[in-house]
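Here's the structure, in structure tokens; my notes come after.
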Amino acid sequence: MYEKINKLITVSPSPHVHSAGSTQKLMTGVLIALIPAFVIGIIMFGWGTLIVTGVAVISCLVFEYVIQKYLLKKEPSVTDGSAVVTGVLLAFSLPVNIPFWLVILGSLVAIGVGKMTFGGLGNNPFNPALVGRVFLFISFPVQLTTWPAPKGFGTSLTDAITGATPLGIIKEGLRNSDSMDTIMQNIRSSKEMLYGHMGGSLGEVAAIALAIGFIYLIMKKIITWHIPITILGTIALFTGIMWLIEPTQNASPVFHLLTGGAILGAIFMATDYVTSPMTPKGMIIFGVGIGLITVVIRRFGAYPEGIQFGILIMNAFVPLINSYFKPKRFGEEVKNG
Amino acid sequence: MLKSFPRGGVHPAENKFSAGNQITKLPLPKTVTIPLSQHIGTPAEPTVQRGDMVKTGQLIGKYKGFVSSNIHSSVSGKVLKVDKALDSSGYKRTSVVIEVNEDIWITKIDRSSDLRKEITVSGDEIINKILDAGIVGMGGAAFPSHVKMSVPKGKKCDILILNGVECEPYLTSDHRLMLEKGEEILVGFRLVMKALNVKKGMVGIENNKPDAISHLSQIAQQYPELEVFPLKVKYPQGGEKQLIKALTGREVPSGGLPIDVGVVVHNIGTAYAVYDAVQKNKPLIERVVTVTGNDVKKPSNFLVRIGTPLNQLVEAAGGIPAQTGKIVNGGPMMGKAMNSLEVPVTKGTSGILLIPEKESKRKPFRPCIRCAKCISVCPMGLEPFLLMTLTEKEIFDRVEKDKALDCIECGSCSYICPANRPLLDYIRLGKFRVGQIIRNRK
Amino acid sequence: MNSVLLFTIISLSLLGLIAALILYFIAQKFKVYEDPRIDKVEDILPSANCGGCGFPGCRNFAEVLVKADTFDDLFCPVGGNEVMAQAAALLGKEAIEVDPKVAVVRCSGSFEHRPRTNFYDGASNCTIVHNLYTGDTDCPFGCVSLGECVDACDFEAMYMDEKTGLPVIIDEKCVACGACVEACPRDIIELRKRNKKDRKIFVSCINEDKGGIAKQYCAVTCTGCTKCFKVCEYDAIIMNNNLAFIDSEKCKLCRKCVTECPTNAIHEINFPPRRIKIETEAKPGEGEQISTKKVSNN
């Protein structure tokens, strides 16, 4: 009878079946969810979107492969797709007219410093894409805050100096002690902003496209609602309170939600598995923290946008959150009824 | 809303190929190998020697200590040897090997197929008969049933649960038994209720078996104390603690037993065995075993004598498929892979699963990305990724503090992990080490 | 500008001074008295922190030594008699001479001698396999070849031989700390008396199955035939559960048992080649090859 089993039979501990899920599939899911924002990026800023994203993705892959193979002497794991996601997210948080060597430098920092120094995928405490982005933002503030005005395929990549972001316009206006009404005249309507018709990084402008991605991620059970909803909710709540108290000095919560990187950050960056808490309770604490820091930086800080700092700061708290917010154990509280 | 346990759980493909196939009797094997340790606890003491002639139903192993169980000969014939033989534990353990000649039963067994509904014996007698008949939990863990039925002092059992969930994919033995022996099962269940002096009985059946639910509900109408509940299809709905939570809302405390919340759970197969033991004086010498798998020609449910070698069952189900890569004793989630088909059927064997070669190997594992899927599916609210890491780093005091011992080894974490990490392998190791440490402490 | 600089310097210096004072008083208040001999004993100890003495680390062992009334049952396997004598002299106690030991692997079920009958596919850990089943051979006693012992060794005295799938102990580096003995779930590794020139004679098998059964799955198993037991003149061989065991305290290294063994389960290592006359009498078997191979590895 055993002759029929031509090879040795396998013995392993249970379970003997496995779900179809894999790291690769999760990463592919995230990439699919980013497609709508990518399409809007191309429509708003032209082919530059494609170039910046392409350069970021390729350089992230190359750096990951080279570092793993030659520096860490490990089996390269570029096929898991995490480097692609990092590249796309990094590109999406950059302005479209950025010099391409800065994109490469950002990728090197994202993968080299943000990920590999800690031991690669799964061990990095900070979101690699944000590490790259913040590094560029602090080191090259001029290039990183020169936004082209969205003109579709006609967007010039070299000499565009127009189109500050709406958040930048507000910061500037408040500094010149203009009232909110006058500032708002320089800014497009919320409806236009919803479709991404404003200055900004190439992937963060279109709220509606990002929302489609969010729905996809939730439907595919790649992420849970906790982190994005609490971040956006916190931002809306606190900007709303300030807006009600002093409407002349503060923009409306709708404005705060639609501008800057709030939605991209909340949906795609804060939810990065490796750098976010693992239990629903922890995720809510994490989200509220990010929301608060974002609002504080936007309203009181020197920078117009704060979500990237919010996420990075809260990333540092994740191990602490994880050790304090354990899942509720079965049989922990004895309830009979 | 169907009842269900609140946290975690997964939905593996059900693949219940043999659900529509009637239970068939398998012809007697030439020899049987009956291990003396088919249950959790102390092995039974052999009462026969080499050369003895035994009859079907005769005692060949006497229980030793409280947590132990009687072993009976499942055939009549000559004892070839009492020696070590490979069993489903993966190791060789003392077994009685009997050469079968005829099928002569001991006389006290009532072999008629008449249904005996009326309960004439007292509660204590029922427990004694269960002890004599060597009945153990037949869902897989094989915990001696009489132990479950002796309620410790100061505790009271007020709800008895009959576990007809069969949440393991592929397996259908309980399902078939419910359809074909529904009356007997409920009588057996009522016998257990009488023995424990319980007034309320709940039957939990997963909703993917609507025929069994309607069949048992119909029979249960004549017994006002019984109620049948359909349950949501979710693995591990049939886990003892999960089932209690789903049906009664009570949560068995960490480290506790179901009796701590006044509940005792018995399996379908056990209830049927209790009926046989009490109403027919028949000890536990046969059981229903599912033989199934993606490539198996005739996925079947067999009524087989304990001790029959598994390869005879596989032969009867159409032979072993050419590309078989793994043989599992039990279901795919909690069953045990074996390296041989010469292993005998024991009281706890619920099925044999033949897995094709291409599905039998695990995929290489990748680093943990902390996606928290293992946490979200853990029905016990544990953190499998953390327990694995701590075990690997040998930080066993934290493994203990993070409740590794509460793990029911359902395998949901390993099943769901997108990085294919061997979470349960390491959690089992962690539990084993923590167990060692706790024993040393005493 | 100057005043700002001055103010900064003064305030920072003051802060430093205050902090230093606080630290000083706290250190005074919470000072714990420690026997100064503990430090001295710790200096003598090899600071390998291997746990071979049965205590978590060298400092812990030093504390125990200082407190202990006698040195019975206290021994540092890494430092050996020399270190124990030094520590005893320092503490004014008497050290007991303990024979140095060395670890040996009592399984020769290489890929060649013990065919693989199934494929283990799970976490690479000996204990997990041991708790699951017999392993990828049919021998329930033999080495499962996943190297938990090698991982446990702090002295790089072990490695896995890829050709045989068995761990090899490098005698010169082995300090007999016992970490591998503890790590092995099947108790295959044993600490034996270290003989001069690292000569060893031992039964390289712990199989307790009956001979006929054991031979089915391993060519070099001890079958429990008692031939070695009968030939031994020093009562060094103990027969138990179908298994011969050579007591390293009683063995006089006469090598008579080695040639008797029909399955070459008894190994002789680091001995000079036998005289030709004996060699012709001895069965030309693989046992010799194994022993020479091991010598070359060492």
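Letters are used for the chains, namely A, B and C, taken in the order the chains are written, and counting of residues starts over at 1 for each.
Assume a contact is a pair of C-beta atoms (placed from the backbone, for glycine too) under 8 Å apart; a residue touches a chain by one contact, two chains touch by 3 or more.
Computed from a prediction, not measured in an experiment: that's the story for all the values here.
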Handout entry: Intersection of the contact lists for chain B and chain C
Key = A
Handout entry: Central chain (by mean CA position)
Key = B
Exercise for the section: Find the chain most remote from chain C, comparing centres computed as mean CA coordinates. Expected result: A
Problem - Intercentroid distance (Cα basis), chain C paired with chain B, Å - result: 42
Practice task
Provide the C-alpha centroid distance between chain A and chain B, rounded to the nearest whole angstrom.
Solution key: 48
Handout entry: Chain centre separation in whole Å, for chain C relative to chain A (CA means)
Key = 52
Practice task
Identify all positions of chain B at which a residue touches two or more other chains, and write them in rising order.
Solution key: 336-339, 360-362, 422, 425, 428
Problem - Residue list for chain A, restricted to those that touch at least two other chains - result: 7, 9-13
Exercise for the section: Please set out, as single numbers or ranges, the residues of chain C touching at least two other chains. Expected result: 117-118, 121-123, 128, 132-133
Fill in the blank from the handout: Per the touch rule, the chain A residues reaching chain C in their complex are 7-13
Handout entry: In the complex, chain C residues that touch chain B
Key = 117-118, 121-123, 125, 127-128, 131-134, 138, 140, 209
Practice task
In the complex, go through chain B and note every residue touching chain C.
Solution key: 84, 89-92, 336-339, 360-362, 422, 425-426, 428-429, 432-433
Fill in the blank from the handout: Residue positions on chain B within touch of chain A in the complex are 7, 10, 12-13, 169, 241, 245, 249-256, 261-262, 311, 315, 319-320, 322, 324-328, 330, 332-339, 341, 353, 355, 357, 359-363, 366-373, 375-376, 378-383, 385, 402-403, 406, 409, 411, 414-420, 422, 424-425, 428
Practice task
Would you mind writing out the residues of chain A in touch with chain B in their complex?
Solution key: 1-2, 4-7, 9-19, 21-23, 25-26, 77, 80, 82, 120-123, 224, 273-274, 276, 278-279, 326-337
